[in-house]
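Each chain gets a letter, A, B, C and D, in the order it is written, and its residues are counted from 1.
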């Protein structure tokens, strides 16, 4: 049987979680933090979560979307709809809108997206490309990449992310689905393409649903870094993808197919970036 | 990258009712005291419109307005036996049972009216809007309501009918397969236009032009619902659906609608439907069930269109982007207009393409010569 | 965008237009309920004290239950009853036993050996769905995992694991005689030899889920009058009622089934699993019990449309007419028969599609594999083979160098033509559909194709049943004899390992004439038997017989060197046994008899 | 089992009920309160059959923790009509033959309602997006999209009058 505990502050929830000796999701104590519920409630409904205790927080700070230094802070409780609709996070609107139908976007939160297994995690893919940092309840910040490398359901609760604000047009996002207008990802691709004096400087390329977590395609980044988006360069970048991506078979597509079309979709995304 | 247009054709017939017969359905019809009619069934409405089409059939056969008829189903204590809603049998079997029940009730209605009017029941007709009158003399009339009241309270007569329809059971011959499967068939033909992305194997279906022969469209809007929704399901079966994506292996297995995929509202092609009506002699007002056959021609038409577009024969369903991409790799790239040609068409060729004479050298060789020129039938339609 | 037009000019003289209500776009009777959310689907009935029933299911494709420990589950809060296989009074059924078709082969709750992943071996009834789920997770089953087979061709191999003990050959038994349903019309092998072109194709489709938005379910309620009311999502009310009565050994008068408003079915709600489960639950607890599938069960445990595989071989003449068409079909039934056996017969009756072809043959198998049993779906028995036929038609048109539409019109069936199942075509309209679809799409047809009509050009010579080659291949057990237990198999009759075409004395009564010549609708003409030219047969002498192409390879254009005509033993003429078999079927039929047998 | 008291407004009426830990809103609406208009299709948030509005926002009841709507306003398809007067969406679905089995209809209506509340003059693609989380197995969507557009036009006309 499930018990639900709701806390006024994230800190309280986090220490309750820590007290239970577990983390954000199912841990040793069988506790699970719930944000929007899109994944947790499904597990509850099907009785297949390995937790018996749900922790929630109604901390208003979790809903914040606000400027933070040169970037934006997005609270872990901000929904896809809120992120898509907020002026401060307009650069993430495309990625946030790519998630689910309207009802799901009204429910699914940033925090949940950070922990969602493939084929979910479209927004997180964009955040990885933007070199966002995950802020936990203890105030610590971790780069997305390290966060994903160690992603597990233990440790302090996530308070939100801080995202460097990209110049307009620098973030490009593409979601490949089987179903239109909405389906889950065959893959999601987010690229950060900052030009300095006509050359790319600080390229970041992230793929979602191409591994257990969103992952950077570093070889492709190197292929582009310091140059432009000429066809040959794009082709070279696309060729390298197999090194960095490790997709799995699922009911939507095989690993073979995902690997086969990843270069195509990356090349198309880069060409469309070149063409504005 | 290239997007290749293709068009494909397929046509089918479809057997109406349970194979080999032996699948009865019954109906009861009775009048309320003031001449409204209840049709009692145990048939299932699972969206196909059973309640609605049997209501119209009953109204027609009774000679009253549809607003004076209500269909009640399905309760095993009150509704007489029905084999079920499957095999496109509902309209045909249940419809016929309803006609029989309604015809019996109508005969009693006319007899009751004749007694009230002191005329011969054989001379009476209904006007379909609540009146019974002497043929050719609309002013010599009595309302259905007054007739029912008289039947019940003065004549002591029921206005009710029972109906059953059964195609007698038969069997298939073990040696030759000789059999009497069904009594009538619906028909369909359609053209699918689509585009194939030769780098990803993705297919976008643009339009369907179809002709469906349904015996008689008992309610054209219900028929339209079946045909439009059925074609959607055909597309879904052609391109999307499977519980075992790498059959015969059981995994990975879709467990939700995120992974068991179907076309979304953004995947819907234009669909231009024509309905033909060749009434089946033993069907209710000629109507054949359109519910199953509408999906069937879409599947092969899609496969044929993909072949036309890129030269890949898609013989395994569903035709996923992966299957197409693997086919393209085996082929060494798309071969648009893949078809070995022939001398055909020629009239009204909107492309002005010349008919070609191909090698005609046989099976499986889908890409002989002249890929650059499209046969006339490949031209994109209106 | 959708457009919709009625083409009233076609068949106008066959269609009186004096109807008042028929043909009108009357609004649906049920629509007000639908748009207000007040239509009562089975689950839209509320009961105090409703209990929830859920199953413990096999995680293995094929396994034996050594032991089940439900003690922890039984002790959990909210758990009201553990339901074991022994609680099902008559725990063996086949759906079509209601038609007297096939043998009982499937338990409601499996006592020992499961044949597919997801097969139920125990059920739990609890106060809430959550409690039932928790209890199911607490049940421990000790499994003895067995080898499994998932591929239809592998299942037919001599050494394949036995999927379904009632059908140890892994194929359904047809007519107590063959391991497939045959169609024989004319002589395809001879016709292939004279064909200008041969076109071959193999077509496959994987299982499809009906995916109604409302999952399958039922709520059974014990009534004060010692009856049970069952609110159900069934597509076939009395079918489900009779199945429930049979499995639970209950007089049908004790059952009151209510349904009729169903959230989509598409064939998936015929199987009558949820109804006996819920009624059993209500019997055992004395309380209302709901048994419904969640979406995962609907997708992987609920019976799909089964997979099919079709091999088609066509012979074409110089003009592009199809003169011979041969099918080998495989329906993947999964672990139990359900409706697949019947789908095969329906498919055979549908062959060779809506075309007039003078020589047609088919062997179609209902094959058991270790997967979820298949059942009906929209297009039952037809969708798969129509896909195969219509892809094949495009291949054949290409081979003939003909426009695909014109090619179909050339070969289309017309009024008065004899179909392969030996009934005359009437009320046909394929040609007109082809013409209208082509016209709408701007697909140019030549004058010849445009001038054709379903009303003319049929009949005459096309109305006759051709001289037909038959054979005795595929007797039950032939394929797998060596791999199976030595003792004779129930219901399969006396057999020995005899060369194909050989008919033993004891089989003669059921044996067919080897060649028959029948006029339309007539019985076999007993005067006209001749010794048939049989196709080349595999040697019966060589070891375990691998699964042969069910119709032996033809000897047409591609391999002209082997016009094999082995002599087959002549056999005395005996009329086909169809009539007596039907009678037997009717005698067996519970449904037609209208009463339940004790 | 621990029960939690939850109070909310359902289609304008104050409602109070005890819920189980982890119980979802769909179950509470249907079995607890007796509003049977939202439908169970998956329990996974994948079909939209249980779409409801919570404080005016479209949500899926099956994956909404029931106690999270404490103090909120919940609207379902059962509350769409004003007594016997149908909402323009209901009328449009009726006249446009936009339902067959009817099981997805209540959820579809609520998704459409959420759209039209925010955007009275949607383009066709916006309607497509608005119902992209709601599955229909019968209609092929086209009649549903048409009906929503027709209702939007009707509502705009009504507002002008």
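One rule holds for everything that comes next: contacts are C-beta pairs under 8 Å (C-beta built on N, C-alpha and C of every residue); 3 or more make two chains touch, one makes a residue touch a chain.
Because the structure is a prediction, the values reported are computed rather than measured.
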A-C or C-D - the one linked by more C-beta pairs in contact: C-D
Far-end chain from chain B, centres as C-alpha averages: A
CA centroid of chain C to CA centroid of chain D, Å: 39
In whole angstrom, the CA-centroid distance of chain A from chain C equals 46
Interchain centroid distance [CA atoms averaged], chain A/chain D, Å: 29
If you average the CA atoms of chain B and of chain C, how many Å lie between those two points? 20
Two or more other chains are touched by the chain C residues 2, 28, 30, 77, 130, 211-212, 261-264, 266, 294-296
Residues of chain B that touch two or more other chains sit at 46-47, 49, 221-222, 224, 228, 230, 233, 245, 253-254, 256-258, 260, 262, 264-266, 271
Counting only residues that touch at least 2 other chains, which ones in chain A make the list? 1-2, 44-46, 181-182
Take each protein chain as a node, join two nodes whenever their chains touch, and name the resulting shape: line, ring, star, complete or other. complete
Please give the residue numbers of chain C that touch chain D in the complex, ascending. 2, 27-28, 30-41, 43-44, 46, 50, 77-78, 128-130, 211-215, 261-264, 266, 294-295
Touching residues on chain A, where the partner in the complex is chain D: 1-4, 6, 34, 37-38, 41-42, 44-46, 54, 56, 81, 100-104, 106-107, 181-182
In the complex, go through chain A and note every residue touching chain C. 1-2, 44-47
Within their complex, state which residues of chain B touch chain A. 1, 199-201, 240, 245-246, 252-254, 258-267, 320-322, 325
Could you list, by residue number, the parts of chain D that touch chain C in their complex? 1, 20, 22-23, 27, 30-31, 34, 36-44, 46-47, 49, 76-78, 80-81, 86, 89-91, 93-95, 97, 99-106, 109, 135-138, 142-143
